[in-house]
Every structure is written in structure tokens, then in C-alpha cells.
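Look at the two complexes coming up: chain A is in both, with chain B in one and chain C in the other.
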Partner chain A sequence: MATLNIVNKSPFEKHTLSQCLSRAAPGGAILLIEDAVCAVIKGGAYAEQLVTGQQKVYVLEPDLAARGFADAALPDSINRVDYNGFVDLVTQYDLVHSWF
Partner chain B sequence: MKIAVVVNEGPYQHQAADSAWHFVSAALARGHEINRVFFYHDGVNNGSRLTTPPQDDRHIQQRWSELARQHNLDLVLCVAACQRRGLVDADEKKRHGKDADNIADGFRISGLGQLIEASVEADRVVSFGD
Partner chain C sequence: MDDENDIGVVKRFLYVNRRAPHGSIYALESLETVLIGAAFDQDVSVLFVDDGVFQLKKDQQPDALGMKNFSKTFRALEMYDVEKIYVEDESLSERGLSVDDLLIDVESLPRNKIGALMDAQDVVLSF
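Let's look at the complex of A and B:
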């Protein structure tokens, strides 16, 4: 059973992303939304951890754009999705877990 | 696919109420069924018809009510969360002897059993919160 993990807070504000990374099962995915999108910026403190993990990583494009990161460089393995992509991820994975 | 949605955050608090609305809109547009949106904790504040945001701001409650009208959505506010926060429908007004009600169109007040039922019946449950 593959899980889609949704994280919505900046890792510089809360520990939910760290907790997710250390506990999420391999083969799942992590979707970063709201303030959590800042974790994916290339060269940032969390980008390396995200790409070396055993989950696919997705980031919600409108939330990146809302924070001025629309044109920011992201690591190659991180995929941008819009809300339609968000919906598709929810249907592709067996379980959805929001980290609060 | 049948998807249940939980909203644990109030409007204009951070972003969860907006994220949930965008997600529900996209899911409906893609042909999925949203069997229920359950508003819990501060999330019940999404259902107050007395909210009056500035004209150039999005009206979060009206967006929910409009979506419910268009898609016959079931928007449920948790009764215990409502009582704590002053969200009142006609029945609750009578039951608690209040002088007004404030629930918006398309919303209804019910119990936590509605969340359990929606979760059991849905293929996926997606939570939005703070």
C-alpha cells in the first residue's frame, strides 16, 4: 500500500517534513503544499534530503508561484503539479496522509 | 473515485480552507465524487454566513456555498465544534435558546459520525488543516 504524504508547513517553522521523511515508507510520495513548498528550492537546507529519500517528491505549483518561487530552480527529480495533478496523486496512491 | 475531505482550519487563518476549496473544485472538475466535506475544529467557521471580507478579497464561505449549490455537495459542520464557536442553525438556535442563527446556505450541522461514515464510504480521505 503506497502512501501519498502531504506536508503543508515550512520545515523552518515546524518539524512535520522531518517527521515525514524519517517515518514515511519507501515507495510512496511526498506532496509539498502551502508553506512547505519552500523546502524544494535548490541549494536549500532540505532539497538534498528530499531528493535522496525513497519517495517521489511533488510540489504544488500555484503555491510555489504565490511565494515568488515560480521560476526558482528545483532539483531535477522534483515534479511540479497543479491542483489537477494533486487530485491525480490522491487517486494514484492507496492512502493519503496529511502531516500536522 | 469517491473522495471525502476534512477541513480543520478556519477561513483566512492560514491557507488550508483555500487549499481544500481548490482541491475539491479540481476533483469535481475531473469527474470525481466528493461524498462529503467535513468541517472540524476551527474549520466550522467556514460555514458562517455573517462573514464579510473586503470586496477585493475572496469570499471563502460564499465559494463553499456556491460549490455546494452547483454540485449538490454535502458540507457538514461538527456540532460540538459549532457549539464552542457560536455556529448556529435553526435547530440549534431553538435547542440552546439563542436569539439568532448564522449558518450559511449549503452547510448543515451534524455529528462526528458523519466523518466516520464519509471515511468508510470514500475511496480516499484528504485532510486540510494547520
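Let's look at the complex of A and C:
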């Protein structure tokens, strides 16, 4: 069983991203939506922590674009998904857990 | 009011913005409140710290979320004589940003000067 972990709060404001990263099982995935997309910006304090190699990391493109990061450089292993990709991830993983 | 030029009491207002835009309504509500303060000819300062610095990021495209792109309104602050706009250096650098990523000119302040800025006000409003 593999879990899709969804985080929606900025790591600079709430600790849900750290709480998720410290517990998420290897082989799962982390999807960043809403204000949590702030975590992926290259050069920011959290971008490197996300790239552990233990989980796949996805970020929701419309939430990036809304905040002015449509063309921003992201770490190589972080994948952008659109709303259809979000649905694909939910169906692809056995479990979905939201950290909010 | 016996004189149409009488603008009454003028206080120093500081609006403190600490949240990212679009994930909540705080940023838009703050901006509207800043404009109200300016419309009443108050002495307005606006500060962006923590995730608040994201409010000033260039190239915001919130259309796909069904949200209004109010970031363009920050460019109108100058017309309302709101010219004291401060951003905390450390909040930018922690987030991989610099003043070049922002859509308006700001005065950047180090973290250890923020307290003094607050102490210089009559009213501090938090968003």
C-alpha cells in the first residue's frame, strides 16, 4: 500500500509539511497544493528538504501560477501536475492522507 | 466639519501582512483596508513579513483558481499617497526571493528593525 500525502499550508506558517515529511512512508508521494506550493521555490529554506528520494514530490501548477511562480525554477525531481494530474494521483495511490 | 480642508485627526497606521495571497482572504482584506486608511488621509505604512512577502510577487496568475488578481492593485498604492511600503529582508531570502521579484518598489528592512517600525505607530493592524 502506498500513500499520497497532501499538504496545503505554507511551511513558513504551519508545521504540517515537516510533520508529513517526518512520517511519510518510503514509496509514497507528497502533493503540495494551495499555500504549500511556497515550499518548492529553489533557494527557499524547504526546497532541498523535499528532495529526499524517499517519496515522489508533486506540486499543483494552477496554485504555483496563481502566486507568480508559473515559470519558477524548481528542483529537478519535483513534478508539476494540473487538476487532471491531481485526479490521476488520487486514483494511482491506495491511500490519500491530507495533512492540514 | 466647518472647513472642507479639515481632515480631522491623522494617526500613524501600520498594516502588517504576514500571509500568502490566494490561500486565504487575509491579503485582499488587508489591501482594501489600506486603501480605506489612505482615502481618509491617514499616515499609512504597509509592512510585509513572513509569507506576506508573497503578496508582492510579480506575475501572479490566480485566474485558474477563480480568484481575483488583486496584486495589480498594489501598483495603485502610490496614487493614494501610500509610499511607505516595507519588506523584511530575511523573509525574502528564506523564501528564495529578492526585491527584484516584487511588483513594486519597496524599502527593505532587516528583522532587527521591525520592532522599532511598529513602536513608531499609533495603530498597528495585523493581517
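Note that the second predicted complex is superposed on the first by the 99 of 100 C-alpha atoms of A that agree within 3 Å, B and C clash if a C-alpha of one lies under 4 Å from a C-alpha of the other, contacts with A are read in each partner's own complex, and residues count from 1 in each chain.
We take it that a contact is a pair of C-beta atoms (placed from the backbone, for glycine too) under 8 Å apart; a residue touches a chain by one contact, two chains touch by 3 or more.
Model, not experiment: these values are computed from the prediction.
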First, second, both or neither for A:Q55, with chain B first and chain C second: neither
Partner chain(s) touched by A:G68 [first = chain B, second = chain C, both, neither]: second
First, second, both or neither for A:F86, with chain B first and chain C second: first
Partner chain in contact with A:C38 - chain B first, chain C second, else both or neither: second
Partner chain in contact with A:S10 - chain B first, chain C second, else both or neither: second
Touched partner set for A:V96, first chain B, second chain C, both or neither: first
Overlap of the chain B and chain C footprints on chain A, listed as residue numbers: 8, 34-35, 62-63
For the chain A and chain B complex, residues of the former touching the latter: 6, 8, 33-35, 62-63, 82-84, 86-88, 90-91, 95-96, 98, 100
Parts of chain A lying in touch with chain C, wherever the complex brings them together: 8-10, 12-13, 34-35, 38, 41-45, 47, 62-63, 65-71
Contact set on chain C toward chain A in their complex: 18-24, 50-51, 54, 57-65, 67, 71, 94-97, 101
Residues of chain B defined as touching chain A within the complex: 1, 3, 8, 14-16, 19, 22-23, 25-27, 29-30, 32, 123-130
